[in-house]
Every structure is written in structure tokens, then in C-alpha cells.
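One chain, chain A, appears in both complexes that follow, with chain B as partner in the first and chain C in the second.
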Partner chain A sequence: MKLLSSLLTSLEKQTARQYRFRGGIQLPGNKKGLETPIKTLSLPDELKLPLLDYSHRPLQALVKPGDAVSRGQWLAKGLASPATGTISDIQHAPIIHPGGLNANCIVIRTRSDAEPEAQAEQEKKTGVAANSKLTAGTQTVTPNIASIKGLGGAAFPLLDKINALGNRELTTLIINAAECEPQIACDEALMQSHAIEIVFGINHLVALTAAKRCIVAIEDSKPLAIEKMLQAIEASNLTKDADTNTSLVKIELKTIGTRYPTGAELPLIKVTTNLDITRNMHPTDHGILCVNVATAHAVGLIYKQQFADSRVITIAGNNAAKPCNVRVRFGTSIEHILAQTENLAAIDQSTIHCGGPLSGFEVSQIDLPVTAQTHCILINQRQKPATPVACIRCSACADSCPAELLPQQLHWYAQANDIERCTELNLAHCIECGCCDLVCPSAIPLTATFRYAKSQQLALTKQAQQAAQAEVRFESREKRLAKQEEARAQRLLKRKEAVASNKSAKQNTDGIQSALARAREQAHNRAQARRNSKKDL
Partner chain B sequence: MLTTNTALILISAFVLVLLVGALLSRMARPSGDVAANRKTVLIDQVNELLPQTQCAQCGYPGCRPYAEAIVEEHIPINRCPPGGKNTITQLAALLGTDVPALDEQFGIFKAPQVARILEADCIGCTLCIKACPVDAIVGANKLMHTVMEDECTGCELCIPPCPVDCIILAPIDTTPANWAWPQPQ
Partner chain C sequence: MFTVMLALLPGTAALAFVVSPAILINILISIVVALILESLVLVLRSKPVARSLSDGSIVLAAWLFALCLPPLLPLWQLVIGAAMLTLLGKHVYGGLGQNPFNPAMVGYAVLLVSFPQTMTLWFAPDALNQYTFTELLNFKLNPDALNTIISATSSTTNTTGFDAFTQATPLEQVRIRRLLQPDLLNSSAQLPVRAFDQVQMQTSPQAFEATPDGTVLTTPVSVAWPWVSSAFAIGGVFLLYKKTISWHIPTSLLLSMCVLHGLHSLLTHLPALSVAEAVFYGSAVYAAFFIATDPVTAATSQAGKLVYGTGIGCLIFFIRAFGGYPDGIAFAVLLMNLCVPLIDHLVMRATCK
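Let's turn to the complex of A and B:
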């Protein structure tokens, strides 16, 4: 008993100790709209869902225009319908994309009158499905974990993330509640108002993954969120104490220092566990999984027989009339959100930025549907970008880089299109955090150049793969043609032989015929002779 | 005494010659293998740098045959139009030669493209299938044919055989999956 308690206190001490990651910068949080509770937007008449997966690969639609769909039904693999209604169209439409591209989108004409009915149906169902089995047609499905996307910004499917562990044991489940990027406050708002639901979700996630340890990491700049989460966690841990049947581990809360980008995967692992993940390793190799706090909340929704088809979005920026955090159904247009939150007024004099101020990008219109990736919409005053000047080799960029890269050198090779050198300098490990940009006194667009170089790197890899594939196909075709040619030659040879043997057979029959003729002649002669001798008689 | 000594020297010299001879012949045999081996390795390396479009514009039936010709017959390295300047630079670096300009007698460099069949016009004659060096066209007799864009190298070999001119070459579409960030100015 004494041993156990001393172990526990040492554990607590460990979680209380502050670790630091290398690089990063201290930034003013500038988070607004946290005084007002999260508002849930009314369901728009139309939702538009891009048929794309998290990495923008196309998805195959399971429905067609005219189909009636119910909320929760699969529209495509991993894409559940966010509302009950009718598919009015599948069209090529603009999406939230840094290049302003279009994609195939499913358009749903929604029926808000069917909302209570859909919820009632869902509550009647028992059990939660933990697979991505698709149900085509008009059938509805049970609340499905496969519909949950990571809500931290990447929208990686939760189930795929868990499955990436394979048969390795999950030693530490880290709930990422750092939310380190300035201006974004959707997770903080969620923790302030929905801590109990979040902890409910975390407990289910712990059960689902059989995690041996679970740490919730929150930046120390969010005191109210910490307080609410601590209360909910303590209450949950108490019930675990009371319930001897449960094998669920207790949740730990760790307050981490406020420093950008502590919410990125590797810095987060470093500050919560003091573990350095080397470049050739993956967190799962160490039995570690990081799940965003809003994703954990979505898990809770699924286990409450509800739907994981909405998210909280931060509306902010220096031209936002009413900065706030709103819950929106996936597929809602930015225009509808801004109108409903009374932020449409200054739109003509502003730029619209999707994603955080450092990690996001500008879009050129507002009739675009939001997805699980859209955690923030910034309405900013237009401003001219600073003109870059020559590098003064101050190495501030390298000092700030959390990935321990050499941005100055990388930039030199990237702008010269020497992608091979960039690869050697570990370009692939750049997390595009933007720290180097922020500290650069010469205003050199480092991150944008790295994004460009990473695209080129990807294209080159793909090109090499395609060349290898073409080579294989070419060579197998050559072999096949050679084989065909040989078979043809063989056939020809056989036919020749057959013709030749036919000829000799003909010669043979000729022999028989002539022998017969000779025999006949002889017989004839003999008969003649006989007749002649008879005559003589 | 002297004669035995001389005999000894003679014998040992003879043995030495024999030994050296044996050694030399031993060394000579595998060295032939090594040279042949080095050649196939070099052919592989050259082939690796070629774009694998398999278009035969170089005058050889495909990339590997051209690679063989480069290594074995010292054919100039600037005859591959799809590879363009990039491929020539890489080949020159590998073979330690200067970097010649693309010999435009063999064709000009074009941006990557893929073939597309105007399906309404296709009469299903299967002639394009027979021409495609990488089996990128699917279809059956008298039925509409389609190009699998991921497999197509844009070699243009399917275009001349088509009796109704229904195959076009088009630049690869920019989609969210293959979009690339632009280079900052």
C-alpha cells in the first residue's frame, strides 16, 4: 500500500514536471469569443460535401441524384450524411483549397423537419459499430466510429489512426488539448462548456484502444478549460475508484507550457512524456497515440447514439465583427456561417483565411463548404506582404525550428529546385509550422518555399513510381509478345511439317496406286495369256 | 655443385612461371565476368534514369534497348525527347561526359500528357491496344475503348493507328490529389 502510494506520488510528480521541446516561439494567444458559449448554427437548406478523403484523393459516391438519404447514412466510404434530405446533385464545385480548385461534391437538400426523427431513430439503435462497412442505398447505419475524422486540422480518420498501432500495445494515449496556434479557440471553448462529455469520450477511447495510460495535455494559458477538465476528470476517476469492475485507467491532466507549436505531434509527445522520437521512428513504434480533444468529444457523441457530423469552428480576425466559436454541420458554406454569426459586414474589405494564421491559407471566395479540416475562419484586413530582402545568415530560423532543420540552407536549395539536396536535409520532416517565417528578419517566405519543395518532392516520387510501373508493364508486354511470336513460329513450323508429311503420304499413295496398276496390268496380261492359250486349244 | 644449383634455380624459375601463369589465368577469367557484370549494372543505371515513356522516339523499341545501345555502342545520350534536359544532365553525370543539348531530330520535349479516347467516336477496332507499349488501354472488339490514365505514359504510339482519329493527347488535369504548391516569387 505504501509502495503504491509512493509510486502514485512519483507519478504525479512526473506529470507535474515541465519538459521543453527544441525550438518554437512564444506567441500572444489573441484568442477571442471565449466569453460567449458555443452557438449551434441552424441547419442550412443545402449542404455540399466534397467527395475527397483527408489527403484529397477522390471518393466513390454510393448515392445518386434523386436519392433520399437519412442522417448517418454512408454517402461514400467514411463520409456519413450530415443531414436527412434528398441528393439534389453531384457537381463539380469549388472547395476550400489553397489552389482554389474544384472537386466533385454531393449536394444535399436538407429537411430540417426530419432532424428530431433522425435523432430518435439513432437513439433506438443499440450498439456502436467500429468498422467502415458500407451500406449503400437508403439503409441507415448504427452510429459508427468510422465516421469520425480527426478534428485537429488534418481530418485523418480516427479508426485508421488506431489501426496503425497494429498489435503493438498502446502505452500512452495523449489527448491533444494544447491548441497552440494563435487566434484558434474552438477546442478551448469546447473544454469550457463540454468537459463532462469530453471525458466521457476519452473513457470510451481508452476502452477502445486498451490504453495503459492516458494524459490530457492543456496549455497553461487556458485556466478555465483546465479547471473544468480537472473537475470532470476527478469525478470520472472517483467513479472508477468506486467501481471494482472497471479496468479503465485513470485519466491524468498535464498542464504544459504555452509555446507554439507545442500542439504538433512530436513537440507534444516531448512535453508530455519527455520522449524524443527519432527521424526514422513513428510515435506508434513507441506505443504512443495522440488524439485531438475535439475528436475525443466526437467519440463521446457516437457512444451517446448521436452523430459525429459537425465541428466547432472559430471565427476571428481583425475584421471580424463578432468573433465567436460556432458548431457547424459539415458541408455548410462559409457564407452561411458568416451571415448567421453577423460577420458578413466587412467582407469586401477583408481577406478570408481558412485554418490558423500560421498553418492556414487564403481563399478567394466564401461560397465554399466547410469540412472536418476547417477549424478556423479568419476575416482579416487586407495588407501588403512584406518584401523579402537578402538573408543575413542570422540563423534565427534554425533556432526556432521545432523539427531541428536548417531552414536557411533548405531555402537555398529549394528555390534552386535542387530537391535531392532538400531531401538530404530532411525536408520531409518540416511540419510547415511557420516559426522560421515569423522570426526571419529578412521576411523571406521560407514556409511557402518548403511547401512548394515538398510538393515537388512528392511529384518526383510519384513520377519515379509511375516510371517503374511503366517499365514493368513494358517488359512484361515484351515477354508476352515474344512468347506469342514463338508460339506463332511453332505453329508455322508444325503446319510446314504437316504439309511436308502430307506430301510424302501422297507419294506413298502414288506408290500404292502404281503397284495396284502394275498388279492389274499383270493380272490383265495373265488373263490375256490364258485366253490366248484357250484359243489355241 | 654448380650444376645442381643452376638446376634448382631453373626448376624454381619454372615453377614460378607456372604459378604466375596459373594466377594470371585465374585472375583473367573472373575479370571478364566482372566487366560483363559492370556493363549490366551500368545498363540498369542508365535505364533507371530514362523516363520509361517507351515511346521509341530515340530510334529503339523502348527505354531499356536505348540504355543498352548507350552502354554497348556508345550511342549519344541526347536522343530521348520525353526525358528532356533533365535526363540528359543526369545521364551525363552518371557517364562522366559533357551535357549535350537534346537532339531535336528525334523529337521535342513536351510537358507530361496522357491519351484520352473520345469514346463517342471509337469503333472498337482494338488497333490502339496493339500499339500501346505499356498495356494502358482497355477495351474489347467492337466495344468502346478507354485509357487508364494512371498507366498511360503519353507516348503517342496509339494515335497513328486509330482509323477514326478519336484519340487525343491532353495535359494531365490538375486535381486536389496532384495539385502542387506554387513557387513563391
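Let's turn to the complex of A and C:
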């Protein structure tokens, strides 16, 4: 009987673990050489911060060149200064972007001697004691929470994410620690070295959002991170057991299978809760929130009265001399990072790739500032890109697509610039994971095509919006003009009526007419005389 | 493409061994003709020749096409077929990835409707074994020489003419055999007996040779044919293992065909092919794994593939059971190729809401 029940429970565990999302690919891990502890870089002399929000919309600067700024001060809405110093310039400079775009950037000349001062200031400013008791829902939102951006790759502001819930109850808070892409190990390194701080942050997040359940999902390829996290979570759960007053839920740890891209939001929700989110729904509609583990750590930092203006970046790639994980301030240039980590040697023979090997993209220069989105820099051997050949409609791309799209059809229409059809085929739901690129036997750059099509789509919607706006304006103008015209016609009519009524009263119009005729004759004669005198000359 | 070629090797070897090495001549010549014509077209369309040729698609198409042909098909007809495959099957639509119809089947269908007599001329097993490779080549170049040989053989073996040496396609032979077997006709009311007969027939075709029912039965249907089909099946399983093809098309094709053949043989009072015969004595296995799975001309989605495979399976059955052609693979595949855009569209509409 005992055997049977233990068998059943193990079976339950097995089946519980075997939720699978559709599509995706099995990839070799390849995270060698990243076991070293996280290095913290020295503060660079110059930080460059693009004035853009997470979806590359421009931000209005709140400072001007010459201003002195302190660490944590708002430079723009949602953009806190990562260091104390002076604004030396606001310039148009290249940023990390798949299309190699330029954007307005705030350049800060930093003062490293002001660092302890800024820290003391921060502790004074935020009155929340680190060890105050947590109860769900009563947690105050300190202003610095607004500076936290999602560190999973999209850099979506954390507060906006929480606010998207609205009045709905948060049934499940999922802490995304899957880190499914090969070669990236920044979250793994963070979990190995800062598990307690992460759990501290998670508890604050739970308190902040009043979550009913909290699951930390880690891929089974990270045993050490799982072990460390498990220890920290158990310790935290024990204190919750001891404290009968707390209403905080216990944190659950879920080991999930290694399959790319489990770390993406919808696959992760499917894998952890077996919930399929349909196309027109949002996770928040189901009361689910996914927060990256590094973001949870940043929350912990804020509640420990520190700053959340840095992130861990993985430096890897087959040409990286010293693969490592480094903590860098936002706005640090890639060049500075590579120089400090001694990876600058083979740079001439290498390509620099920002983001993971699948979801990332190549950048053409290294003088680019890193942002919250940059989780990985790959230094790869320069390779001749494979020449794409014709699509043979093998549909391997569709089979591997975690968003259940038809990449081959999308590619077809994107090439023909038929953006409307792309929209019909749910182009917007492409998460740009790069699975299709990897499986394509014809080496067609599908993701790049989709990025292009998306930009076209964006341009089209903008155009449509502008057209709609112009139409509204035009219509209101027409209305206004018609109104004016009507008013004028009315006025004229009134005047005419008035004139007509006067006509009968005053019969002296003939006199006026004859006077006008005389005046005209005089003018004519004068002109004649002038012409004659010119002829004489 | 190269994995598919590798998978074709056992089937090709079996076919060359069972029928005649002349099959290899067919393959070689059609590949050469197709390569030359493709190069020509690529030059005319100012496309990179070496890069386009190196994908191996035309070699594979020509190979697949040649495998369907009878061994001693006259050379000029073979050349016409290979030319149709390259030009009409592939390049009029814009080359690789653009063609709606399976090129190999286009070439085969053109030959089948143009030269029905030579295209259905198969040979008794071992009949060609006495000839050397050069003699076989000579037959292909010079159809008259072949006719002389055939009549000479007929006189020596003392059988009535052409049929001692030549045969219809293997599947047709089985079918005719069925028609001429009175025992089977009588026993069609008694299913158990009939089933027994079928088993007996498959296991020992020689048992039927003794029956003095006419010329067709004097030549045995080769037991080797199932071996050829099995060799192709091995290649197909290899492709499945390598994930070059998905299971959807072969499974749905063979399953639907078997179900219909099974129902037909159960329900009809006329003699019909048994399920095993339908699978192993035609080119159904070959078509299921190598022809229908051509990604360019097949449906793309998994659901679409199931519909597509089932459609081919059903059409094969209907053409065999009620149509004029003995096998009907080519027309079944081409007809379903025609339906692929519709299938894809409907599946897309169902899934992309």
C-alpha cells in the first residue's frame, strides 16, 4: 500500500512536470566557463542613456546639459540616473538596435567619489526599514519601484506590469528563472550567488501584489541554482510558518524541462500552470503575472535601500577570451565592459551579438550603451553568413514555432510586403525567439524578415492613425468653414434686406452713381495725361 | 535532399536486382538530362547555376521519376519524360519551391498518357538477367532489337507470343490473376475460405501456376515485389527516424488506402485486391514515403498533411478499383497537389482565428 501511494505521488510529480508547450526546440546548453562569480565593474567615466522607453518611444528629458544629477534622480519619466555626476550632453548617438538606429542619449560624466554619498542619501530618503514585517497588500510603493524595469529582456516597467492587473486578483505570480537560451547564464549566476536576496525580493513582490500563489520556475539544467534557491525558499517558508500573523503565501519552486523557449511568457505559463492563453487574452486576464528573477532581485535591492540601476550581463561566445558574468551600470558602453573583462583582444576577428544566440542580433559597433534589455553580449568568430535558398515549404518552422504561427506563410507575405495578410496571420504574436531560423533547412532569415514586417506594421498603424486624425481634423475644418459660410450668408442676407428696406426710403442712389462716374472719369484723364508725358520724355 | 537520396538506395538496389540493372541506366540518363536542362534554364534565367544545382533537388526529382519507369523504356521517351519533369514540372513555375505539382509525377504522367504501351511494359522476373549491360542499353536505344528478341524468345519457350517475356505492371498481374481465378470467384460468398486463399496466394504464388487458365498465369508474379516495397519502406523509416519527413502523410495515405481496399474486398462480389497485395504489389509504399512527402507540393500544416495523405490514399484506391490505370499513384498525387492551396487555406483559417 505504501509502495503504491509513493508510486502514485511520484507519478503525480512526473505528470505535474510534464506540461509541455507546443513547438520549441531542444538545444545543447553550452554554458561552459561561466561558473566564475559575478564581477562588478568599476564605474565608467561616462554613461550614455538612450531617451527611449521599452518599446523605443522617445522620452522627454527632464534635465539639460550642464545640470548636476544625483544617483536615482529622474532624468526622464521612468529613467533614473544610474550615477551621480553632471550632464555633459544630450546627443544623437547609435544605440543597441537590430536596425542600427540612433536615438537621443543623455550623457553623464560620472563622479565615482560621490557613490557612498549617494548611498547614504538613498537610505535617508527611503524610510522603509529592510526588516519590517510584510503583510500582503499593505506594502507601500516607494517611488524607486517605478525605476525598476523588467530584466528578462523586454525591459517593461514593473509597475506598469502590476498596474495592468487592475482590480483583478493576482492568482499566480510566476518568477521566471528559466533562462532557456543557450550561452546566457546571468540569471543562473545571480541565483547561485544571491538566492537569499532574490527570495527577499520575491517576498516583497508577493506582498506588493497580494499574490495568492507564487511559483519560481527554473529549468532542470541548473542544478546548483535550484539547490541554492531551494535552500533560501525553505528558510523563508519556515519563518512564514513560525509567524502566524503573516498572510504571505509560501513560495513554490518548480523544476521545468529544458526546452527553448520555455522562458518566454506564454510557454512558461503553459509549462507551470498548464494554462493556454488564447490570442486575444493577456496573462493578467487570468490573474497571472510573470516577473523575471533578476527583476525580483532588483525589487529586493530597492527594499534594501539600494539602487536598481545595474544588471548582470553574460559575456560569452566562441571568441570570448574570458567568458564571465558581470554586473554593470545601465549606460555603460559595450567597449568598456569588454575592456574591463579582458575580452577586447580578438575583437577584430569577431562579430558582436547583443542578446542570446537565437533571439539576439548583431551590432556593427561596440561603442553602444547597454540598457536593461541587454542580458548577453556574445563575441563570436566572424562567419560567412549562410546564403538563403528557396523555401521548400517543409513546415519545420511552423512545427517549431512556440507562438503557433505559420512562419513560412508569414515570410511569403512579408516578402511581398503584404502587411495586411501578415497581420491576419498574427504577426504581432511573434516573440522573435529565432526557433524558425534555427530549423530552416534553406537558411532563410525568418526572424529578421518578421522584425522588418513588424516595423512596417507599426508604420502602417501610425499612418492609419495619422490618416484618421487628419480626417477628423479635415471634417471639423469643413464644419467650421460651413458654419462661417452660413453665418456670412446670413449676415449678407440681413444686409441686403436692410439695403432693400433703405432703398425705398432713400432715393439718392442716383446721385452717388453720378459722383462715382465723375471720379472714374477724372482718374482716367489723369492716367492719360501721365502716359502722354512719359511718351514725350 | 541528400538524406532522401541515401534513403532511396535500398529501394533502388532492390529494384535493380529484382527487375533489371536497366533501372540504373534509366536513373543515370534521366539525371543527366535533367541536370543539363536545369543548367540551361538557370543560365537563361540568369540564376547562379552551381548554387542552384548543388541543392540536389533536380537530381532527386529525376531519380524519383526514373524509379517509376519500366526498365526497357525507349531512350527517347525517357529523355522526353526527364525534360518534361525539369521544364514543365519545375521551371515554368519559377524553380525550386514554387512548383505546385510534384515534378517527378508530372514527368511520369506525361509519359503515361503519351506512351501507354511502353510505359506499362514490364518483364517477367529473370527474363532480362541473361543480357549484359551493353545489350540492355542497346534495347533501350533500339526498340526494334527488343521486339526481335521478344519474338525469338516466344518461339523457343513455346508459349503464345509476347506474354511469356513481357508482363503488365506487377499490380495489374495480380489483379488479372484474381479475375481469372474461378475458385476465388466461387468462394467470395464464403469469407473464411477466401481469406485463406489469399494468404496461400501470397505465400506461394507458384501454387497458381499449375492452373491452366491461360497465358497470364503461366508467368509467375514475382514474390520479389514485396521485397522491393519493403526496401523502400526501410528507406522511409530511415527518413522518419531522421525527421526528414513527418509521419503524417505516409501513415494517413497507407491507412486510408488499406481501409478502402479492405472494405472493398469485403463488400464486393467481384474479385478485388487484398489489403496486403494493394500495399506490396504496387508502388504505394514508394509513393507514401518518397512521392507524397515532397514538402514543396504537399500541405504544410500537420492537419493539412493528414488530409492530403488521406486524399491520395483514397484516390489511389478509386483509380485502382474503378479507373483505367493499374496503379494510379501519379494521378492521385497530382490531383491532391491541386488541392493543396485549398487545404492550406482552410487549415489556416481554422487555426489562425
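A few comments on the model shown:
As a working rule, the second predicted complex is superposed on the first by the 455 of 537 C-alpha atoms of A that agree within 3 Å, B and C clash if a C-alpha of one lies under 4 Å from a C-alpha of the other, contacts with A are read in each partner's own complex, and residues count from 1 in each chain.
Criterion: a residue touches a chain if its C-beta (ideal position, glycine included) is under 8 Å from a C-beta of that chain, and two chains touch if they have at least 3 such contacts.
Nothing here was measured: the structure is a model prediction, and the numbers come from that model.
Because the two structures share chain A, they can be overlaid on it, and in that overlay chain B and chain C fit beside each other without clashing. Of the two partner chains, neither chain B nor chain C is touched by A:H92. Once the two structures are overlaid, the count of chain A residues touched is higher for B than for its counterpart among chain B and chain C. When the two complexes are overlaid on their common chain A, residue A:Q415 makes contact with chain B while staying clear of chain C.
In the superposition on chain A, A:R491 contacts neither chain B nor chain C. Once chain A of one complex is fitted onto chain A of the other, the partner contacts of A:R57 are limited to chain B, with no touch recorded for chain C.
Shared-chain residue A:R518: touches no atom of chain B or chain C.
Residue contacts after overlaying the shared chain place A:A390 against chain C, while chain B stays out of touching range.
Of the two partner chains placed around the shared chain by superposition, chain B is the only one that A:A470 touches, whereas chain C remains out of contact.
Measuring only between alpha carbons, the smallest separation of chain B from chain C in this overlay is 15 Å. Comparing which residues of chain A touch chain B with which touch chain C, the overlap is empty. Of all the residues in chain B, the ones that touch chain A in their complex are 47, 51-54, 62-64, 133-136, 150-151, 153, 174-184.
Residues 52, 55-58, 95, 97-99, 101, 103, 415, 445, 448-449, 451-452, 454-456, 458-459, 462, 466-471, 473-478 of chain A are the ones touching chain B in the complex. Partner chain A is touched in their complex by these residues of chain C: 51-52, 55, 57, 95-98, 246, 295-296, 298, 300-302, 344, 348, 351-353. If you check the complex, the residues on chain A that touch chain C are 279, 387, 389-395, 398-399, 404-406, 408-409, 424-426, 442.
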